[in-house]
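Chains here go by letter, A, B, C and D, matching the order in which they are written, and residues are numbered from 1 within each.
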Amino acid sequence: MTAVWWILTILGILFFPGIGFCISIALFDEWIDRKFYAALQDRIGPEHAGFKGILQPLADFLKLLANEDIEPEAADKWGMRFTAIIGLAIPLVALLFIPIIDTTGLLSFEGDILLLAFLTTMIALIIFLAGWFSASKLAMPGTMRAASQLLSYEIPILLAMFAVALRTQSFSLAGIVQWQLDAHRPTLFSLPMVVFFLVFLLSSQAELERSPFDIPTAETEIVGGWEVEYSGKKLGFFRLSADLQMVFSAGLAVTLFLGGPTGVEMWIPSFADWLASIEGVSGLAVVAILYYTTMFAIKTTIIVLILSAFRALMARLRIEQFLEFSWKWVIPVTLGVFAITFFYVPWTDNVVWSHWEGLFDVS
Amino acid sequence: MVLQKIITWARVKSPWIIHVNTGGCNGCDIEVVDVLTPRYDVERLGILIQGSPRHADVLMVTGPATQQMKDRLKLLHEQTPDPKFVIAIGACACSGGIFRHSYIPCLGIDTVIPVDVYIPGCPPKPEAIIFGVAQLLAKLQGKDSPVITPKKIALKDLKKSIEEGLAK
Amino acid sequence: MPRPGVIVWEALRNVFSKKATIDYPFEEGVKPKYGLRGAHVLYIEECTGCRACQRVCPSLAIEMVPSELTKTKKRPVINLGQCIFCGLCEEACRYDALFLTDYIELSAFQQKEMIIYENEPPKEEISEGNEPKEEDS
Amino acid sequence: MADKKKIKLGSPQTGCSSCIPNTFEIPLGPQHPALKEPTHFLLEVEGEIIVNATPRIGYVHRGIEKLAETKTYSANLTLVERVCGICSHIHSISLANAAEAALALEGFEVPLRAQYIRTIVAELERIHSHILWLGVAAHEIGFDTLFMLSWRDRELTMDLLEDISGNRVNYAMNEIGGSRRDMNQSQIDRMLKYMDITEERMERYKDICINENTIRMRTQDVGILLPQKAKELCACGPTARASGVAIDVRYDDPYSAYGEFRDIFNVITYDTNDVFSRVVVRIIETVEACKYIKWMLKNIPDGPIFKKAPRKVPEAQILSRTEAPRGELIHYLWSNNTNKPYRLKITTPTLSNINTVPEMMKGDYLADSTITLASIDPCFSCEDRMITIVNNDRRKPKIETWSESQLRKYSNDWHAKNKRWKK
């Protein structure tokens, strides 16, 4: 615990793998999302802010920061401010646990997956409070919907996370990434995990409140739901928070199912050895960091593209249809597959199916 | 100074609009929606259409501000955070248009709220709407004001082109 | 057979095909070659000041102002802010002095910028606006 | 007002549970992203289920009928186009038909080619209106891709209309006694080509709307209007036809050139009575409209497009019915041998259809309110032509009944106070 360590950690939290980097990758992913969404609809999307409109989300954010901040008279003003700040802080904290520049996150401990599960629930709670404090007639149904939606996507998302923990026998993200490195394949490459991956993506879509599950913010029904009364800085914070949540969900999916920031070294042992050897070397460590960051960015972008396509290709469901879909289909299926995994894991890890699983290995 | 420049840049690149119909005939509203769709796609200029006035910067107002919508329009204008801009789209919004001489005083929206840009036309083409927004953004950056001057064409040429059009 | 995502292939094809968007302020817009109804152009040398255009205008956007150039010492002034671009004035003009052009990119920052002065803008008179006289009811 | 007393939102309620009403009111409009025009619906909601819906119209009252009495017939044609920007042409056809029917008493006849041109533009307008509606409905249920793609294909029709008439929305094509613009061969060829494309695209959208699961989930069994109710509430146009009531003025009482192809005309009905049924009816009608346009373009007669009509319209009272994209449109014209109408009364399809909306909404989910409202293809600018006089006490609004002398006094006072046309 030297002074250098402290300085590096604080710098890390503020800039490189921490807040600054996360915000920039969030804005980048929003641009990717908007551009791809527009392309699916046969138009070009943001074009004239920076190269191909890459600075568009930044311009939106800065403009919102500079705008007047109107607080309605009937609303709980301190409550609104509080929720906006906490709403931004939660995904930022959660992102510090995601391994980005290394196989371990900036913060990491055994059992951090539980903390992340708690933080995802907190986000929904903050949304509920945000709607409640703004005291608007249109926000009320939005908050009610957000609360009931929370109940139905939270269970599958937790089951999917714990299924991975069960498979890898580890309760920390670093352990999960390390398991995938040792096993020479991402967690996704086995049958039950494909189901959990799909369930995780669907539930993230619901958590992010994006179409077809944008029921709490449905613009054409309840005019943006819970965020209808927010303007200026607070709206900017909420929008940035939504982007960060998107990165967080995509990053968590990458870590749990796609091997985190690792890439080809899973299948090329010599490359992995070389990466391990340069980690201590000060000059070459930058190469490793850049490599891991690039891999992470590519993988999250792929997940964001998938989520974006989801958004474009379906109509919004009604709240009761979503609950029905969730409780009658997703949760029973997830529970069933979870039970299968429970028996499947020891079996495959020991002897019987280990050569069968070789079918899914690429190497 | 630098901060001011950055803020101006952000504002110019991301004008979010809210569309308000104050009792027009729907023609202008269809054209306003039309500029969002693939042919004109104003999202490339950073324009997003918003549902709530609190999220918007630019009010796109169509219609002649009928008696019942006047108060609503004023309310919406107050709900929009500063700095806000108002664009009057179509003849009705500019001056009342064909309804100006009705017994209900439809005299255009500038009798209710201050207007920054007028876009005449009944309804204006989507190109004209985008041009008007572009003029507003140019004004934000401190450029000159437009003055309408129809293209000067020699009378003979004009007549000839009309005859050609008829013969075509 | 109902199934989600029928539109998938069409949407994916859109990603790789050329987009339908016209980058308008930086590119030319879409216009038919003939017959577009845009801003007016007045040829004062042809105009006789017969008031035909004023009488036929449905939205009373045309006002006659004194002028030295025409026979009746009057000439039309058009308020684009009130004009509905129906083209009736163009048809009513027997002397081919008034035309609609294809100049449709119109915008103004003030009311008076929308009033078209032709050749000799008598500013003091036009700033009054073009209200018709009040009729008795 | 009243709702504030019931429940103060934003603060948790204390006290006995019976003090808290289990319904609360949600306003829909006048400014709402789902509505392109101002109207107001007060939805009484219990949880997510609509118990009651009260429409309140009149935001778009502009005094068109009274204004029409001060203008000549040719100016009135452009005025009634501004009743509604989407179905503008059909309004001017209606008025022109009425005036020409009065002139026909003196032996006036409109050239057949003009009738064909009017009908072609009317059908093009129907195509653009229906595709527009499809996009808006898709937007209501949160399916933005369908909205964007259908509006992209609508641009073809808009280009045709702009090419023919010189403006994208208010075409100003009609004149008493004919049409103002002719069509030449190159325009006809282009139209035939574009109609083929539009027809193919609409078949594709039919496929999408019938087969896409989420669209079906959102539209089936939503906003049900039984045929009996539809008849009772005077529904018209696609709303009625989607409930299995086969009424279509184009077939029942042909005007303009519709009589020429009555044998190939199909009245489209569908029998599931819900929003899905209205989607299907409108898409099939668009395909049919393409067919009619192609038939008309192939059989358009030569001849003049315009016959000069006398300025004065002889005294008559004419009721002119036409089929607007939204349903039956009625213009009642009372002419008195001058060049201005003595009285013009317009009854628009949305005014008949709006009464069916509360009936459809009751018992549905809040999320379905906008798609149900959109399913009748509302066009409030068509509809608002009445004014309710309410006493000034804002706390207890009350509708008052005034006698004619009171009204006259009010009007005189009002005009003395507010000088017309002065700012």
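Just so it is clear, a residue touches a chain if its C-beta (ideal position, glycine included) is under 8 Å from a C-beta of that chain, and two chains touch if they have at least 3 such contacts.
Just so we're clear, the structure is a prediction, and the values are computed from it rather than from any experiment.
The minimum number of touch steps linking subunit A to subunit C comes to 1. Of the two chain pairs shown, A-B and B-C, the one joined by more C-beta contacts is B-C.
Work out the mean CA point of subunit A and of subunit B, and you get 39 Å between them. Chain centres here are Cα means. That of subunit B falls 15 Å from that of subunit C. Subunit A and subunit D, compared by their mean Cα positions, are separated by 46 Å.
Note on chain placement: the centre of subunit C and the centre of subunit D lie 27 Å apart, centres being C-alpha means. Residues of subunit B found to touch two or more other chains are 37-39, 41, 44-45, 50-51, 97-98, 100-101, 122, 125-126, 166, 168. For subunit C, the set of residues that touch two or more other chains comprises 4-5, 7, 11, 14, 19-21, 23, 30, 35, 58, 84-86, 132.
Residue positions of subunit D with contacts to 2 or more other chains are 32-33, 78-79, 82, 145-146, 148-149, 152, 155, 167, 170, 212, 214, 420-421. Viewed as a network of touching protein chains, the structure reduces to a complete graph with every chain in contact with every other. Residues 4-5, 7-8, 11-12, 14-15, 17, 19-21, 23 of subunit C are the ones that touch subunit A when the two sit in their complex.
Contact residues on subunit C toward subunit D in their complex (touch as defined above): 1-7, 10-11, 14, 20, 30, 32, 35-37, 56-58, 84-88, 91, 100, 131-132, 134, 137. Taken together, the subunit D residues at the contact with subunit C in this complex read 71-72, 74-76, 78-79, 82, 145-146, 149, 152, 155, 159, 162-163, 165-167, 170, 172, 180-181, 204, 207-208, 211-214, 216, 415, 419-422.
Put simply, subunit A touches subunit B in their complex at residues 34, 38, 41-49, 53, 55-56, 58-63, 66-70, 219-220, 223-224, 228-232, 235. By the touch criterion stated above, subunit D contacts subunit B in their complex at residues 30-33, 36-38, 58-64, 66-67, 70, 78-79, 81-86, 88, 132, 135, 147-149, 151-152, 155, 158, 167-170, 182, 184, 186, 379, 381, 384, 418, 420-421, 423.
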